[in-house]
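These are the structures, in structure tokens.
Below are two complexes that have subunit A in common, paired first with subunit B and then with subunit C.
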Partner chain A sequence: MIDYLDNFWSVYSNLVLTLGTNALLALSIYLTLSCGMLAMANAAFMGIGAYTSAILTMNCGWPFPAAIAAGMAMPALVAFIIGKPTLRLSGVYLAMATLAFGEVVRLLIIRAESLTGGALGLNGIPQLTQWWHVLLAVVLVLFVLARLRRSKIGRAFEAIKEDETAAGLMGIDVNGHKMLAFALGAAIAGLAGTLDAHLTFFIGPQEFGFDRGVEILTMTILGGINSLFGPVLGSLIVTLLPELLSSLKDYRAVANGLILVLIVLFLPKGLWNPDWMRRLPGLRKKGVAP
Partner chain B sequence: MSELLELTNVSRHFGGLKVLQDVSFTVRPGTISGLIGPNGAGKTTVFNLITGLLAPTTGDITLAGASLLGRKPHAITRSGIARTFQNIRIFKEMTLLENVIVGMHRHLDYGVPGLMFALPKYRAAEKRARDRARELLSWMKLDHMADDLADNLSYGAQRRLEIARALATEPRLLLLDEPVAGMNSTEKTALMREIVNIQCRGYTIFMIEHDMRFVMGLCEEISVLNFGKIIAHGGPEQIRNDPQVIEAYLGREDDEVSVTPGAGE
Partner chain C sequence: MLEQQLFNALSLGCVYALFALGFTLVFGVLGVVNLSQGAIFMLGAYAALTAIVRLHMPLWAAIAFAFAFSGLVGMLIDRIVLKPLRRRDAPHLIPMIATIGLGLAINSLVQGAFGAENQRFPSEVLPQDSLVIAGISVTVLELGIILVSFVLMTVLLITMKKTQLGRALRAIAESPKAARLLGINVDGLFMLTSFVAAGLGGVSGVLIGLYSNALFPLMGQPMLHKGIAVIILGGMGDIRGAMLAGLFLGFAEVLSVAYIGSDMRDAVAFGLLFLVLLVRPKGLFGSVQERKV
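Then we have the complex of A and B:
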């Protein structure tokens, strides 16, 4: 039995840990979506976190915990700076602005060759991420987000998502809450990037481009944003699907796009939708927050 | 300072269009007063200026002597003004209780540690909020459906929910934008009673309304707006007999002007 587990782990440990980092990414975009914003910058924030922490551990010899903190703080800071002008935008315009920002980040990484290794990427990142780091990160992020949901901040996010004007007139600082969701999402994406970089030995700029952004969005939309299980479930499916259908591997992006289209058409609220679960007997929602 | 709300020579232009010109009026604390006028007279614009959704082109708006100019909507709400909307804007995917608790946002002052670890302070505040929300819902006769989704409410009940939600912000001044639009006469009579009850609890109410019987029955003071200008001001009797008002607005067979939801501005 132990042998079997050992065997399983040596073959699949990377996949299991990728599940964890993908769950973090899905949760990071869940935050902005739960506040009604379609911000597509999470792949870029992941990249900023990955590069910041990798450069710190490789070149500056920082200890891993400090590098993790920096890998979260840096994207949050960048989010704060670009959020000031862009979060005024809504809908498609916000998506366009954040996509353009992502492209700028990718090109900057390629240009800053002396620091980032340019298009060739960073090689030889110390493999510091342990399996329990990823598990702890997912548990902690789920805990924080669950607490937020059950508080006035979570209700403010939901109010803003439903009607920004009405939310403002209920005394909610709309811009402040949007900024909180954006920066916190960036920090979580940075955490995922940091853990991922110290797991895979190598990072390159193309990992944090448009494809990754769409993949993150696909995971969360597929799972649904009505609860925290949705994004986790979505990340599970999107990560495992190419492994299960290994012949699809070359068409991964195609599969992601197809999933996104099908979900938007047939399950606009995602797979994990409390509405149909509430219809099951004995599960009627009681009290305030789900 | 005896006046709660005071508008002084407020104008608002949209390009060359002068929607409001030199509008001045006051609302005394503890009263129910109203603003009436034909469709398109600029009534909702007045509300949007008071609540900070629009900025006046010229003039000043003060709440208990403090100017509201340049403040964001949420800051104005926090200083004590709450409103409802002509085209209802409840949070449809939340329960009634959640809708009302959203209005208490500012009054839930547990810190981040309290919230993260569900400390006693957080739990006490959340419980107080739920109790208060149920009380406010009971004022509007909605407490029996507190856990239903707001989307399932009838039109009249949605309007009443908006009032409960506005009261949750603990306002000094409650602005009602056509509270009985789309209601039948039974609902109107019931709402009338509930609004008087709200006033008795110490709130000041200022409303825009088309329904003359409703306004005349409730308001102590009425201002009349026509083509962006205040043409009359006074008690119900005075307004009823004002020749200018009769010409602009009341000169019809029936004393109820037909209401089209979504009209106005």
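Then we have the complex of A and C:
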């Protein structure tokens, strides 16, 4: 049995740890979505976190915990700076402006060749991430978000998501809460980037482009944003799917794209949907109107 | 030298304008940001390539074929994905997410079918001649690109401004419900709009493919990002704004390559976008609408 587990771990440890970082990414975009914003900058924040921490551990010899802190603080700081002008934008405009921001970050990473290795990426990042780091990060983030959900701030997020104007009239500081969700999401994405960079010992600008952003979005939309389990479930499926579909080779991304479409069409609230589960036979309570 | 640069900028800007036109048309009439437009752009280029290589069509017929093919794909997307969402009255971010998925699926389908490597148009179909006009060397290809773009844009503008059809479309843009009450065939016009918008996207794909002579499955991605910048700069749904902003981006890009350096070329569009959104959150030509409670 122990042998079997050892064997399993040596083959699949990377997959399991990727699962953890993907769960963090899904939770990071969940934060902004739960506040009613579609911000597509999380892949860029992940990249900022990954590059910041990798440069610090490689070139400046920082210890890993300090690098993690910097890998979270830097994206949050950037989010704060670009959030000032962009979070005023509504709906579609916000999505597009953050998309554009992601492209600028990618181009800047390529351009700052002496620091980031340009298009070739950074090689030989020390492999400092242990499996329990990832586990601890996921558990901690889940804990913080669960507490947040039930707090005054979480309720304010929900009010803003339902109706921004009404929330503002009720005395909720709309811009402040949006900024908090945006910066906190950026920090979580940066954490995922830091852990990922010190796991795979290589990062390149292509990893943090549009496709990664779409993947992050897919995970969260697939799982649903009604609860914290949704994004985690979504990240589980999206991470494992390529392994299961490996026989499709070149057409794997087709499945990813179509999943996004099908979910939006047929399960608009995602897979993990309390309403839907309540309607299952046997779980229905008598006298509760649908 | 400057005249030469300006001429190159004009042909590039025309294609940007054409692409953004389809994009902004869908937003204006259907109220949807169709992020699969980049994939449709690429699909148009590959359709023309297939028409030329496999079906031995002349270039002009291949362009028409690309228009029809990508138009049909756009219509199908509207029919299968966007229409149910419209009927459900989904929030406007939902169709956007769905079209992101569609774009991803189309991109990787083409990558699976044609391979990820660059494809070229056979050199015998490309017009090779060049003329010298007022000291500028002008290739027939570039002239053709400008001509095709201008013809398509003019037809569209006249249709929107002067005809019954254009009036109906503008009515739908105001309010689909009211338009339906007025007896306008809203569903038919939605289909027509998606056909024309995707067709324009496809043709601009062919033109860029001819211009750079390199087709690859992800060629629509940078175009999509630039298209986004252009339609925001022009004010979402504003046809004239999109044309002007497209031309403007062409000039800004070519001049920045000439005077700043080529490696920041792709950042110009986003730099501009960022600056404009800072000052005018609804785009250069857009009007600010505040929701009343």
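Methods note: the second predicted complex is superposed on the first by the 276 of 290 C-alpha atoms of A that agree within 3 Å, B and C clash if a C-alpha of one lies under 4 Å from a C-alpha of the other, contacts with A are read in each partner's own complex, and residues count from 1 in each chain.
Throughout what follows, a residue touches a chain if its C-beta (ideal position, glycine included) is under 8 Å from a C-beta of that chain, and two chains touch if they have at least 3 such contacts.
Computed from a prediction, not measured in an experiment: that's the story for all the values here.
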{"item": "Three-chain arrangement built on subunit A, subunit B and subunit C clash or fit", "value": "fit"}
{"item": "Angle, in degrees and to the nearest 10, that opens at subunit A between the C-alpha centres of subunit B and subunit C", "value": "80"}
{"item": "Touched partner set for A:L38, first subunit B, second subunit C, both or neither", "value": "second"}
{"item": "Broader residue contact with subunit A after superposition on the shared chain, subunit B or subunit C", "value": "C"}
{"item": "First (subunit B), second (subunit C), both or neither touched by A:F8", "value": "neither"}
{"item": "Partner chain(s) touched by A:V264 [first = subunit B, second = subunit C, both, neither]", "value": "second"}
{"item": "Partner chain(s) touched by A:I153 [first = subunit B, second = subunit C, both, neither]", "value": "first"}
{"item": "Contacts of A:W131 with subunit B and subunit C, given as first, second, both or neither", "value": "neither"}
{"item": "Which superposed partner A:T165 touches (first subunit B, second subunit C, both, neither)", "value": "both"}
{"item": "First (subunit B), second (subunit C), both or neither touched by A:F201", "value": "neither"}
{"item": "After superposition on chain A, the shortest CA separation from subunit B to subunit C (Å)", "value": "7"}
{"item": "Overlap of the subunit B and subunit C footprints on subunit A, listed as residue numbers", "value": "165-166, 169"}
{"item": "In the complex, subunit A residues that touch subunit C", "value": "38, 85-86, 88-89, 91-93, 95-97, 99-101, 103-104, 107-108, 110-111, 165-166, 169, 210-211, 214, 217-218, 221, 249-254, 256-261, 264-265, 268"}
{"item": "In the complex, subunit C residues that touch subunit A", "value": "33, 81, 84-85, 88, 90, 92-98, 100-109, 111-112, 221, 225, 228-229, 232, 236, 263-264, 266-267, 269-271, 273-274, 277-278, 281-282, 291, 293"}
{"item": "Complex contact set, residues of subunit B against subunit A", "value": "51, 53, 72-74, 77-78, 82-83, 85, 89-95, 97-98, 101-106, 108, 110, 115-118, 122, 126, 130, 147, 165, 168-169"}
{"item": "Parts of subunit A lying in touch with subunit B, wherever the complex brings them together", "value": "144, 147-148, 151-153, 155-156, 158-159, 162-163, 165-174, 285-289"}
